[in-house]
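Same chain, two partners: chain A is paired with chain B first, then with chain C.
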Partner chain A sequence: MSLRGLSPRFWVAAGIVAFVVLVGVLGPLILRTDPDTTVGGLYDKPQCCGKLLLGTDNEGQSVLINLVYGTRTSLIVGLIAGLIATAIGLFVGLVSGYRGGWIDDVLSAITNVGLAIPAIVVIILVSVSLPKRNIYTLAVVIGLTAWFWVARSVRAQSSSVREREHIDVAKLSGAGFWSILARDVLPYLLSYVVMAAVLQISSAILFESTLSLLGLGPGDATSLGTMLYWAIAWGSVRTGAWWAFVPPTLMLTLIVFGLLLLQSSLNEVFNPRLRRGRAARRRMVTQVTEPETVGAAGLLTGTEPR
Partner chain B sequence: MTNDSDSPADPAQWLASRRSFLTIGGLAATGVILGVGAAGCGTAKTGNTSGTTGKGRPGASGDTLFVAGFQWGPPKTFNPLAASPDWPTAQFQSQLIYETLLRFDERDGSLHPGLAKGIESPDDHTMKLALQDGTKWSDGTDLTADDVVFTFGLGKTAAVTYSTVWNYLDSVTAVDARTVQFKLKATPFNPGFVKNFLCATYIVPKAVFSQLAGDKVTSDPNLKPVGSGPFLMDKYDQTQVNLKRNDSYWGTAVWGKPPMSTINHPIFKSNNDGDLKLESGDVDVSQQFTAQIWKMWEAGKPVSTWMKKKPYHLPGNLPLLIFNLGRKGLDNVKVRQAIAYAIDYPNIATTAMSDYSVPANASLIVPTGYESKFYNADAVAADGWKYDKAKAIDILENELKAKKGSDGIYVLPDGTKLGGWKLITPTGWTDWNTTCQIVAKSAKEVGIGITTDFPQFPTMFAALQNGNFDVAMFNYTGVGPASPWIRFRDALDNRGVPAVGKTAFWNYNRFTDPEAPALLDAAAGAKTDADAKAAYDKLDAIYRKNIPVIPLMYRPLEFFEFNQSNWTNFPTEENPYAPPMWQGAGIEWLFKIKKVGS
Partner chain C sequence: MALAKYLGRKLAWTIVVFFVALILNFLLPRLIPGNPVDAIVGQIAAGGGAGGEQLQKIHEHYMQEFGLDKPLWEQFLIYVGHVLRGNFGTSFGSYPASVNHLVGQALPWTIAIQLPAIIVGWVIGNVLGALAAFKGGWLDRGAFVGSLFFSSVPPFAFAIILLFVVAVKAGVLPVGGAYSFGLSPELSLTFFGDAITYFWLPFWSLVLVFIGGQAVGMRSMAVYELGTDYVNYNRGLGVRDGITVRYIFRNAMLPQFTGLGLAIAGLITGGLITELVFSYPGLGTLLFNAIGQNDYPVIQAITLLITVAVLLANFTVDVLTGFIDPRIRAAQSGER
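Let's look at the complex of A and B:
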């Protein structure tokens, strides 16, 4: 698709996400200082310029350096957990929706049970009992507990794709089960899966910061949630050390807001019914017949596209 | 306002328009909310001003002393003999309901009168204590020497906190109705330890506790305590403990009448809640760790501590890094020495301890206050350690011949990796948690792998007592009548300490040294301070040679922070009429503080 057709909302979202990624990826490379380094005293005020731009935290470490490393941690956890959750959800959803029968019954039952249990409770219990908490184990725990709703919606869609004529054609031409899943079912869901992945990443980032805020964060790395945990524990609100809690809060808000905006603008791109303005009208005319957009859009709005 | 096609000029139609109605309604509602909000702000402001202008709180709350920092959950037992009684009946808390015979003053180590007038020692092995005149229980009956004998007797028959005193006592007898005599054992001879328990043991009424059979003595919740102190239990729930004044308190003749009619301990969920209440003047005195307390008086609040300059509090204890000497790697004293050099003590003092401490020294003796007479600064400088990363690395590379692995962690020549150790301390103990972070970070910087873990207190403490830990941060005994002896005992004496896997009450890492027990006995029985110091010098040297534990910082025995918007005349360095304590002799300020404007 052409870049011209993308809405301003998409560009804003992409800009925010790109900024956050730059901070998380380039920040540590530019500042080149271990976030554990002591650079000052207890809650030193921000001062121009360099490491003390955002002051120091309760251990005399630079808030700025912790912020960029924390952003990186959040992104790593979000990415790993989001991908794990999306992959599992996609696989379970595809198989159960397309295959149907008792496999569907079993997988759906598991999914429904999983959906009924609040993920945060499971995550807290599992992370308390972990022998070693680092960002990767946390990411895996979050990923393993967050795939249920992806599975459920992917299942709904793949079971609807199953009824289409082209599947019959594929079957008649002798394609195997996995081949049909990968070539004839999955492409119809891809746009949805991309959006689901974005949502999973953003919720994984929030889960990680929630855990860290409760003091269950990774033991080996700075994260935005851990920064907030210490800021609360040390009464930074009371002592007026705003630089300890405002930057991580803003950064978290920015990441999650950017990802949600990206998701909703992608939704607009993929779903012609949600398009607005001139671009929308133009695209309605020129691209409405593309199979992937029609498929996804129809499924998203819950109607059968014909 | 609206783009309706309806004509706004026609009043009938105007009223009839549903959208207009909603608009007006919305505006009106907004107006009301704004008005209420503004009024709310106004009220809050007025409240603040009255706080600082010194009128105090109005009504009954003005006659109440609000305290914080002792009780963190709903009270379950007010039995002072229970394993963990609730405020104010736990050992070393304010003597509001139960009282001790004598009261310790941490400033000079002196013993102030409590239920007893003082100690008479006819000979080295006898201590005679005469009760004050007219001591009474809150039910009106007399508190006599019988009650004291009964209380100490429970130490033999029940598992209570002071049972160990019988290791050093032959007998406790009533000479007459108002005099008690303690006969000390000749071996082991330890008058300091006995005095410690004269100051630590709440005397309980025989009439009440003799009714309780067997384990009931410690398990009975005693929710309507009959005590001898100046306050009575009024009510308690999950949000507060409320005490009311005992107007027929026997001690009125000695100390006077407390100016407050009630004492209230609100139960907060976290340090933060209590800190905010202290700042606003809703809590008068607090025992919480409150970081950067000076920010409160810089903001104009009438808040203060014992001294308004560093270190703000009197040091009374030294929280320690306790090594498990059975762990491979940590069993090597050179490794422990490298860690001792690696730790950034100045950073712990300024950040984790919020400048309430000076950097810790290589000694088990608190270098200021009452214990300073035993502190040997020259020896500490000569064979102690201080923060020196280069020296730590030098020990690792040249003395231990360790090689750095690919993960930046040193490995000893025999293949032992100097890492993978977990440092535990209870969750929510903010300053300790941060200290552990700094220790872990300091160790990592020289190439030793320590990670932090903060379990709930009971879990952590059980692991510590059973020896099921790698490295832990915890206290040994603070300044008291038996210190520093008892702290050396805690760290170096293995007598009476069960094997790993069973519950130990001191020496959690089961350190042994062939010379320590004899030296401890010599220090305990020393007739003069000079004899005692000679023994302590040797003990401190043994300690520095073996490094079973490392002091991380100094901490007050109790935090003592007050807001003078309702009560004034709290003791301070300039007005030192009482020690900045809650326990022991700290009760004395309770009688002397004054209501604002009175």
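Let's look at the complex of A and C:
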């Protein structure tokens, strides 16, 4: 992948994601204030410079400080949940696609059932039942319910790689099961796995904020979703206190939009047939084209472009 | 009879998934350490308002309703029996109201918002996506980036901004709720005319997001079709564009149609939060209140309803696909 092949879209996306990550990582380091400190009254207007740059929220806390900590929380949840989901999905998909047989039947059945039940239902039921919710339990719960799509598409791809000749060569040269999986099957799927991970991260961030809005957010930390929860619960939208809800809304939108754009520009890099003006190329085994269910609504199903 | 076999398999599959969902719905809330009834009765006691004797009665009522003194499998049978008879029990939060009553009040509002939004959004989104892919140029760029943006904005984020700009700042439409204070839901023109003004904002915030997602998907399918051999061949023969577009549309449509079943789960989830933002009295708001009060019976009823809605939608899509897709009629196909 050369730099020349990257579209402007990629650079815009990378810029947005980099900005959000900087806010989430550097913000808390620079401001160094506990987001729970009270710095003013109820919905103080934004005023120049310092902690009150974005005014105060319903508890008199600085919106700016909450925003940077909230961004960090959302990124942490997204990253952990996304990586868990991608890892499980990759493992299940690889084993079931390459092994075939009854293992495949069992794993596929589990995957299909998991796909048919809306993820949000399971997440709500588990979150409601958890005695204590913090950002890590939330991340794990989201990660454990979101891997089904990855598993399904990785399975489809690895089962088609299985038929290839280089696998026979590897077998003849005495390579073991895991070695073939890691060195002869996995490389064919890596580009897909990277894209899936990006999508999983943004979908996890969206799930976290959805849960927080429903009142199932982490109890121990501010997230963008919990900021919105309080903003709505205290009627900031109705009273016109825009500084309480616009910053977290924008930040969430930026994160999700940036990651989706990144995924779609990566898709163009890895999958040249999606680029306009190029003649259709020979269908490659690793590129199974099916509809792309892009979008935030798609993310809430845990849907991936398959 | 390939079609009948296909439909039978889909039906069996749907029933299996329904039972798995039922088990999850039953089991997950019971994994809480301690007895949920003790917890809830403790809460009622802490809030005051109920005397000792009354608490005892409430406690006994729930113990009996859930059969909590019986072994787990027997509880499950009780639960399944109740659900299959359409009885979701008694609400914890607003005792002694039945869950059926609460859900029954909320459900029509949710359906009124979501069903039209899904249909309108799907049709417009697909037409827009196909046009963008085929026309190319500025229409494509504009429609694609616009759709990508709308589809990437979290549904509730869009709803919040819309509520603020249109209702609070501009004051064009009412701020929240479903009908004006003083009216009560009835089948009259006055009520309808009033309720529709409250309907527009949540409706449009759902539709625009959905159009975006569908248009992006349709565009990429159509772009793929544009590169196929039959399109090149048609062009070589000098077939009119209008005819080729029809083929492209038909081929690109099928996966979009299957995708509808998948998109519905996301749309319903997004819609629940949108209701919250607009304080629309549907299932989303009910769920929110139930979560605030640890009202397990209501939460369970709503999660089950969401599951059933998604399963039904998927099954309907599968059935229609069976009729639309000639390959299923011709041969036995399908992934599952």
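Couple of notes before you dig in:
Everything that follows uses one rule, which is that the second predicted complex is superposed on the first by the 275 of 306 C-alpha atoms of A that agree within 3 Å, B and C clash if a C-alpha of one lies under 4 Å from a C-alpha of the other, contacts with A are read in each partner's own complex, and residues count from 1 in each chain.
Please note the rule applied: a contact is a pair of C-beta atoms (placed from the backbone, for glycine too) under 8 Å apart; a residue touches a chain by one contact, two chains touch by 3 or more.
Small disclaimer: the values here were computed from a predicted structure and weren't measured.
Counting residues of chain A touched by each partner, chain B versus chain C, the larger count belongs to C. In the superposition on chain A, A:S179 makes contact with neither chain B nor chain C. Applying the stated contact rule after C-alpha superposition, one finds that A:I120 touches chain C and leaves chain B untouched.
Within the superposed three-chain model, A:E59 lies in touch with chain B and out of touch with chain C [touch as defined at top]. By the document's definition of touching, neither partner reaches A:Q47: not chain B, not chain C. Contacts of A:G215 after superposition: both chain B and chain C are touched. Shared-chain residue A:R238: touches chain B and chain C both. In the superposition on chain A, A:L261 contacts chain C only, with no contact to chain B.
Shared contact residues of chain A, touching chain B in one structure and chain C in the other: 215, 232, 237-238, 240. Listing the residues of chain A that touch chain B in their complex gives 36, 38, 41-43, 58-60, 132, 215, 219-220, 230, 232-235, 237-240.
Residues of chain C that touch chain A in their complex: 13-14, 16-17, 20-21, 24-25, 28-33, 136, 148-149, 151-157, 160-161, 163-164, 168-169, 175-176, 209-210, 212-213, 216-218, 220-221, 223-224, 227-229, 255-256, 258-259, 262-263, 265-270, 272-273, 276-277, 287-288, 291-292, 294, 296, 299-300, 303, 306-307, 310-311, 314, 336. The touching residues of chain B, when paired with chain A in their complex, are 271-272, 275-276, 279, 290-292, 295, 344, 347, 350-352, 354-355, 427-428, 430, 433-434, 437-438, 441, 444-445, 451-454. Those residues of chain A lying in contact with chain C across their complex are 112-113, 116-122, 124-126, 128-129, 131, 206, 209-210, 213-216, 228, 232, 237-238, 240, 242, 245-246, 249-250, 252-253, 256-257, 260-261, 264, 273-274, 276, 278-280, 289-301, 303.
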